[in-house]
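Note that subunit A is present in both complexes that follow, paired respectively with subunit B and with subunit C.
Moving on to the complex of A and B:
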């Protein structure tokens, strides 16, 4: 098991009463359980605001958790605090949604890439070895070597996202979280990046956690799909199982919203309470029920 | 780059001429001139007045007077102060230096205090320290600088801790170098603080706002995800980007260095350019006023150019076309 999430919770305060009493919370992530095997691509789907991105950032501990455990290769990361989490970041990396704001405009690509090696100072002591690593990864994402001394604004969206991917791979991570990584790109570039991700997975033995609302892309790249709604996973099943046999009413609605799946109409109301649990329906198919 | 700078200077010439012309008109269209004061004074002979009239062609049409003045400027003759009875350059030189000293002190103090305060406030957003800083910023923004100067002067008069005005003590000439420096610093304290406090409050808020905006950017998350320690995230990525808009501000600050301190100079008895200009305008000492205006405009233009160059150096996205 590469990564195991147990009952992850992340609440955001929305309103503060007098003297901090009577505070209300948005349950952005509300008790998520998820297990990811090595080499098994998992996708998180759901509408905007359902907690996908919050969940991703919580996994990397880019924001403090409000409960639950993150177990990475048997090690519980949720108990590590502040500075001690930093060394573990090299195992899990992330590519962000917006390639235009995710690269510091003041840094050349060379600096952006080489800075990522901060965690591996021992291994890449010399300037030469850092340069070599940066050039190697730039070629791995099919960008030319002379692009190293350029600034982010000199690249197109697709190229920037390749830089972001190269950056994420600098530390040789095992898990790569792609948070809407292709959503802002046009369809052709999307296709190229998806193809590239497939190549990289074989080359670097990566596992992807793919976050998207684009079902078409998800169907291509993932082995398993988790459908998220209001901070909870409402359905979890192998990819084709979800598409052929959606059990939860929200999953059906999501599928019917995408043009190709118009046939499945929404029938039931979506009910979620605090007592809902994921129920095993066989074939690795889990559904949230009362 | 050099081509760009040259171009900016060429563009500046007509701007300067226009500024000088408008100042000239304003001074001429208000009734009376310094010669009238002289004429009423029996100490001046008719011949002296005539000499001045011919020298500046004051009896000629306006445009001719203006062109004559420009011609003199090109020969680096800025004219003669009627009031002080010496060439304008002689007076402005010393005063300019004094104002420069005060402005620099205030500038260093303002930026040196405001930037760390703003950064601290942003990093502790909505915590008690941030709230404390913001509360005092509001207070200090609302206190006019001349009022603060008066309060400080009053406090100084009660405690005797700091001198009450001027730039040096009466026994300045007898001091050695170290004592001289200390003496000027002591005299600098009150005007500097009075000048700076409001700007610190404002600049601090700008810095805090910029910093918060940058901290919300994805490349900050990305830097954290890379596993960079927090201080690197803040100082390498956040600060460098947050400081950008302030560089433009720096240029404006530079250009207002000479004019911004006038009120405080007058209250604290600091012998600077601002106080000089006020007397010059009131006594219609026209060439002194115009030379000061011109000086201010040149500084304004240099300040803006400096800011643009700094900005290009700091931000790789900004490049100036060649030539």
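Moving on to the complex of A and C:
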């Protein structure tokens, strides 16, 4: 098992009332369990605001958890504090949602990539070896080597996202989290990047946690799909199983929106009670129910 | 590395627009000249700041003569004759029998250039007993032009050093408060507010009164710098903190954290550089405050003490309307303060204009 999430919780306080009386919380992530095998791509889908980004950032410990465990290769990362988490960071990297804000505009691509080697200073001691690594990864994401001395504003969205992918791969991670990595790109570029991700997976033995609000674009790349709704995973199944046999009403709604490009009217509001849990329906298919 | 030259960051591109603002360029040239002039004050000034001659109190500016009996000759100046009128007022008349040719690299008062390089040559001068007052003399017969140069050194450097100190404090405090947020932020911001609550000039006076009065001139100088920076940092810290609060949510900051970069490296590498587009013109616009602050202190006699010169304490001579009428050139320090302040403001405004688009995208996302 590469990564195991157990009952991950992340609540955000909502400012309310005088002196914090009547404090309420947004349950952005509310008790998520998920297991990712090596080489088995998992996709996390759900409408925006359902907590996907929050979950991804919690996994990388970019924000403190409110509960749960993150077990990476048998090591519980959720217990590690500040400094001790740092050596583990290189195993899990992330490509962010917005290619226009994930690359610092003041840095050339060369600096952006070399900065990512901070944790591997031992291995890449000389400027030359860092430069070599940067150039190697640029070619791996099919960008030309002469782009090293350019600034991010000289790139298109797709190219920036390739740079971001190259940067995430600098440390040779095992798990790559892609948070809506292609959502802001146009359809053709989306296809190219998805294709590139397939190549990179073979080349670097990666495992992807692919986050998207669009079921269609993840069909090719994922082995398993987890459908998220209001901070909870409502259905988890192998990809084809989700497409062919969706069990949860929210999944059906999502599918009809993605495949037929129309929203079906909700017959009744989808209610999720606090007592519901994932029930095994066979074939690795889990659905949230009472 | 030569390929780097072709590629400019957005910041560099924005800064290129600065050159298109003629007025601001003029400001840069004027300030440049002023700073060069005060750096070489010892050499450029005909006299030392404390070279006095009471016989020439409020002596009017010396006119350089180029013609002698309608022939072009080596420039020279006439001597002066002092007489008193019926009301014991001083009247200087030109004594055409005495001629003193101008001398370049003339030996004069000895000095230590910037405190270490000894010398006694002055760019221009006349031999004793002639006196050369390019911009007139003050009450004690000291050369106003020389004192303007020496005084400018104090006034102009106080602005720069003060701004450096308070911006360092402001950036660090604002950066830390904005990046960490929470309790740290609360404490630091309350401290800032304490400084901002007290009106600047009263705080200035209060802090000045806390400085021991047996300080020598150098100590007083640094005391003033420290006092002025003490007042200036809080406003900047608050603004930087606000910017950092929004900058730390940037995805490149999160990305940097996934690489395991230390907080210090993130703050100095990814957060504070983005406040530069604000800081750079805020610096320009706040330097006048330091210059005016020093001038105000010195004007009322709490700053730089005679015989040392600063534009402010030179102006204290000009606090009587009778004297201004009799010797208008003693207002010149005020003119230099005015020009300097205007220059910094024009440059600051021009920088703001060209960095504004960048600033908007950096702060609002």
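General remarks:
In the analysis below, the second predicted complex is superposed on the first by the 274 of 290 C-alpha atoms of A that agree within 3 Å, B and C clash if a C-alpha of one lies under 4 Å from a C-alpha of the other, contacts with A are read in each partner's own complex, and residues count from 1 in each chain.
Heads up, the rule we're going with is that contacts are C-beta pairs under 8 Å (C-beta built on N, C-alpha and C of every residue); 3 or more make two chains touch, one makes a residue touch a chain.
Note that the structure is predicted; figures quoted are calculated from it, not measured.
Three-chain overlay on subunit A, with subunit B and subunit C in a clash.
In the superposition on chain A, contact is made by A:171 with both subunit B and subunit C.
Touch criterion not met for A:140: it reaches neither subunit B nor subunit C.
Applying the stated contact rule after C-alpha superposition, one finds that A:151 touches each of subunit B and subunit C. Within the superposed three-chain model, A:35 lies out of touch with both subunit B and subunit C [touch as defined at top].
Touch criterion not met for A:65: it reaches neither subunit B nor subunit C. Of the two partner chains placed around the shared chain by superposition, subunit B and subunit C are both touched by A:101.
By the touch criterion defined above, A:189 lies against neither subunit B nor subunit C after alignment on the C-alpha atoms of chain A.
In the superposition on chain A, A:257 makes contact with neither subunit B nor subunit C.
Superposing the two complexes on chain A places one of the subunit B stretches 25-33, 43-51, 61-69 or 223-231 into subunit C: stretch 223-231.
Note: residues 57, 60, 62, 86-87, 89-90, 93-94, 96-98, 101-106, 108, 115-116, 118-119, 151, 153, 164, 167-168, 171 of subunit A belong to the subunit B contact set and to the subunit C contact set alike, using the contact criterion stated above. On the subunit B side of its complex with subunit A, the touching residues are 217-219, 221-229, 232, 236-237, 240-241, 314-317.
The residues of subunit C lying in touch with subunit A in their complex are 1, 3-4, 6-11, 250-252, 254-261, 265, 269-270, 273-274, 365.
Contacts from subunit A toward subunit C in the complex involve residues 57, 60, 62, 86-87, 89-90, 92-94, 96-98, 101-106, 108, 115-119, 146, 149-151, 153-154, 164, 167-168, 170-171. Across the complex, subunit B is touched by residues 57, 60, 62, 83, 86-87, 89-90, 93-94, 96-98, 101-108, 115-116, 118-119, 151, 153, 164, 167-168, 171 of subunit A.
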